[in-house]
Amino acid sequence: MSVASSPADFSLTVRELCFARAGERIFGPVSFALRSGDLCAIAGSNGAGKTTLLQVLAGLLAPSEGSFDVRTHAQDLPTPAYPRTALLGHLNGLKLDLSARANLGFRESLLGIDPALGVDQALARMGLAGYEALPLRELSAGQRRRVALAALMRDHAPLWLLDEPYANLDAEGRNLVASVIEEQRQRQGIVVITTHGVESLPDGTVHVRLGSGS
Amino acid sequence: MSVASSPADFSLTVRELCFARAGERIFGPVSFALRSGDLCAIAGSNGAGKTTLLQVLAGLLAPSEGSFDVRTHAQDLPTPAYPRTALLGHLNGLKLDLSARANLGFRESLLGIDPALGVDQALARMGLAGYEALPLRELSAGQRRRVALAALMRDHAPLWLLDEPYANLDAEGRNLVASVIEEQRQRQGIVVITTHGVESLPDGTVHVRLGSGS
Amino acid sequence: MRDLLLGVRRPDDALQPLLFALIVTALFPLAIGADAARLAPIAGGVSWVVALLAILLGMDNVYRSDAEDGSLDQLLVSGQPLAVLCAARMLAHWLVVGLPLVLATPLLATLLGLPSTVVGVALVSLALGTGVLVAIGHVCAALAVAAKRSVILVPLMVLPLSVPVLIFGAGAVQATMVGLPATAPLLLLGAGLALAVPLAPVACAAALRLNAG
Amino acid sequence: MRDLLLGVRRPDDALQPLLFALIVTALFPLAIGADAARLAPIAGGVSWVVALLAILLGMDNVYRSDAEDGSLDQLLVSGQPLAVLCAARMLAHWLVVGLPLVLATPLLATLLGLPSTVVGVALVSLALGTGVLVAIGHVCAALAVAAKRSVILVPLMVLPLSVPVLIFGAGAVQATMVGLPATAPLLLLGAGLALAVPLAPVACAAALRLNAG
Amino acid sequence: MNPLVKWFHRFGSPPTFYRWAGQALPWLRGAALLAGAVGLYFGLIVAPADYLQGESVRILYIHVPSAWMSLFIYLFVAANAFIALVWRIRISEVLSMAAAPVGAMFTAVTLATGSLWGRPTWGTYWQWDARLTSELVLLFLYLGVIALFHAIEDRRRAARAAGLLALVGVVNLPVIHYSVRWWSTLHQGESVKLFGESSMHASMLWPLLVMALATKLWFFASLASRARLALLEADSDKAWVRDTLQPRVTEAAPA
């Protein structure tokens, strides 16, 4: 109800969260609490359930046990209403037949927001100036990932869930990811990423480790 | 013509190789020479043409200028005849509807070889014991990559072309990749990988850098 | 919303369904024989079956391609009401596949020798019926998203469900041909459409949520 | 080679084209009216059109799904002669889609009231013709592998090319129905198959290489 | 090297072709217009009306040349596709794909004029006769080739894939023709044959031949301009395009 936004305005609390498929536990129980501006890194071996955890947090899967909630007290944070999340999965969620520009335009109309950052500007930030009009089929793996990051960058959802955001990117691309994440944190957003521990993360990162897959 | 296999038995020579699409140069000219047991790491920013170079070396694309050849002098190396290559792309080349076992069986019948290493053994080496019969759709991203590596491991083609083989893998998985590559080198095979420079490669690796995409 | 519609398919694709309908229609005289006396009585039924098959073609991919490139997850987390997105998809699909079929009816009818008195009824029945068929198809496609890739599964789900549409639609045309009034079957088709428009998007959204993750 | 065949599709898929053909065939009496006098003369043609459409369904995906998951590259670098792999694919496709259709002919014929004297010719013509159709379809699918995803593209390419097959196939059935000998069209279909068996795999392989990378 | 291939390499290099085609273009256009005017004048005004069909027979002067062109152009497309695929000659790719839409257009004109003509003479716009059906299938073949060409992003790859399809189609073309003829004779007698070529009167024949020449010239003119455009577009970043376009800009500037 307060008008000023403080770091404590927004929080993600995960309590004893478990997910099971066909009675078999995939991950959990896991608990952690994050607040505005936090970065959380989920680690764990292949098959530990990192992707599954992000899908649960995105509301794509229902938790089997435990719970999580996303709370806000501020009103002056960017629209749209909480608790919408932005998701960057292993798959980029882009149409290979369409150009980068068309993909970002489609995502914009889907989210119904009108971000300050223009489509071509976002693509240029991601180092894709000159590639805006090519169908994604003709871009390299890392360039496609950059298109997905450009789409993410324009999405001011308070909670970002990023599945291995550094994968397939060169050194410059990884720096871009780090700076995009930093901006989201500056905006008082929360960022949850999964990682295999090869990239160095900033101090203050909340580390969560999932036990190895059964 | 000699019967004993020596490190010089087999060679890959790349001379002023270029590739252009619609008149626009994607990479090159690039030159390097590799011999039996060598590991070559192709570096370069996103869109520099690393994947394209591997596709040219695999014979999927024809070079625009320059040339390369794969030569052998030995006769006691594993069948099939040179210069077949094994390719691990950004995409795993696996059928998501089929199980890991079925995928490896299919690959085996495709290559027409009868490797000493059994399907289930190879999968177990890759840490996938217990996952042999699940459709790949139900495996995690890293687990799918491991299935592709298990298929690769059984392929004794003299030339291996691996596109970011470490991507999506956990620390244990990356060690497995390193050891699989090491085995191929012990077998006097040549390994060419692409990398974004995050993993440490053994001494003696031949480093090739492609200029940034135009 | 405009982008949403455009995002689904490009406008230059719109001619292709028309052509497809034309070619498939041309198959029948080729297979059955050019005898007008034999063609005309079945022309109404044939154009209905053709419409159904044309709509069915590629229905499988409506949501599956989204699931396979991760776009479906983006739709689900977008925070937009999923049923509205589904409705937009259906409308776009009908505009691209259904409408050309309806517009082509006079041409197809001429090719098959359908009496010109019947063309009007054929047109109206197709306009109503293709809408219902697209709606049914989308619900089935959404349900099939989690199934392993199999091309025929969706047609197998859709075809039995579309039998009533086909019976009323082709029935309206047949009735007019023998001089009976076609009001009843047309009204029933209209009722079907009136039901499908609000219900199908909701069912579609529910099916997609069911299959998510 | 056995694995190669099985790897393409699973055996339980084989029932689906059959079911599809059955349902589509059943649509005709529904759309046209069950009047045997009206159905019987068109039965041969209808079962041919149905066979053609059933084969077409999903033809689009034969090579595209391989291209999209990287399997196509694996085929290309395998060092095996690509034409042989293509031929194996065609055979597998025919066994899974064509053969069930042929075997189901008597049943379909009964549904449509095709005179039993004609069933034999229908069976032989379908056996030969579906082979040619699968071959044509594979070549077109391989040509379209690098194209934008479009529901209609492959049918648009395949249908005009399949007109002769349809005419000879349905013609053979019609000829028998009116008491004429069907040897000529059947021989022509056989000749078509004899041409397609060596040529189509080569064309298919060339098309795939053209589109690689 | 094969002399034919040599010739193609010499005259088929994009700058050379662009220049030659540009020089030929006004002549081709002029000749086409002249021949068309003469043909139409004698065909529509001077030649006698048919004693059976009246004035409607004059559709002949559009219909028949278009019909001939529809077939001729398909062969042209296929021949160029063959050259492009076997000897990898780029100009043939461009020519075959530039010709295809023109051919489709002539086919559509044949169908349209034919069915307009059919109304007064046969009493129906359409009949599943052998010639009509195979012309319709020809249109579909053209459209399939064009659709494939436009569905592939890489222009050269698109041209080669569509060319291969056109080649498969050319194998099919006679088969389609004879299959349809065979099929339609099974059920009914040969459809109405109004006149054979020999029975055509000279006063009708020569305007027809002039029109045939006009359509051919027009085809080559339109082919030249379409191929030039395609080359410019494909090579827009090449030096020869800059060199070709540059002088014109500087020429235009002082004027």
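Each chain gets a letter, A, B, C, D and E, in the order it is written, and its residues are counted from 1.
To be clear about the criterion, a residue touches a chain if its C-beta (ideal position, glycine included) is under 8 Å from a C-beta of that chain, and two chains touch if they have at least 3 such contacts.
For clarity, every value in this text was computed on a predicted model and none was experimentally measured.
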Pick same or different for copies chain C and chain D, depending on whether their interface residues overlap by over half. same
Quick check: which two chains are joined by the most contacting C-beta pairs? C-D
Approximately how many whole Å separate the CA-defined centres of chain B and chain E? 49
CA centroid of chain C to CA centroid of chain D, Å: 24
Give, as an integer number of Å, the spacing between the C-alpha centres of chain E and chain A. 55
Expressed in whole Å, how far the mean CA point of chain B lies from that of chain D is 38
At least two partner chains per residue is the criterion; list those residues in chain C. 16, 19, 23, 30, 33, 68, 149
Residue list for chain E, restricted to those that touch at least two other chains: 137, 140, 143, 147, 153-154, 180, 183, 186-187
Chain B, residues touching no fewer than two other chains: 90, 96-97
State the interface residues of chain E toward chain D in the complex, per the touch definition above. 137, 140-141, 143-144, 147-148, 151-154, 157, 160-162, 164-165, 168-169, 172, 175-176, 179-180, 182-183, 186-187
Please name which positions on chain E make contact with chain C in the complex. 125-129, 133, 136-137, 140, 143, 147, 150, 180, 183-184, 186-188
Using the touch definition from the top, list the residues of chain A that touch chain E in their complex. 135, 137-138
Write out the stretch or stretches of chain D touching chain B in their complex. 1-4, 7, 10, 68-71, 73-80, 85, 212-213
Given the complex, residues on chain A that touch chain C span 52, 55, 58-61, 80-81, 84-87, 89-96, 98, 102, 105-112, 157
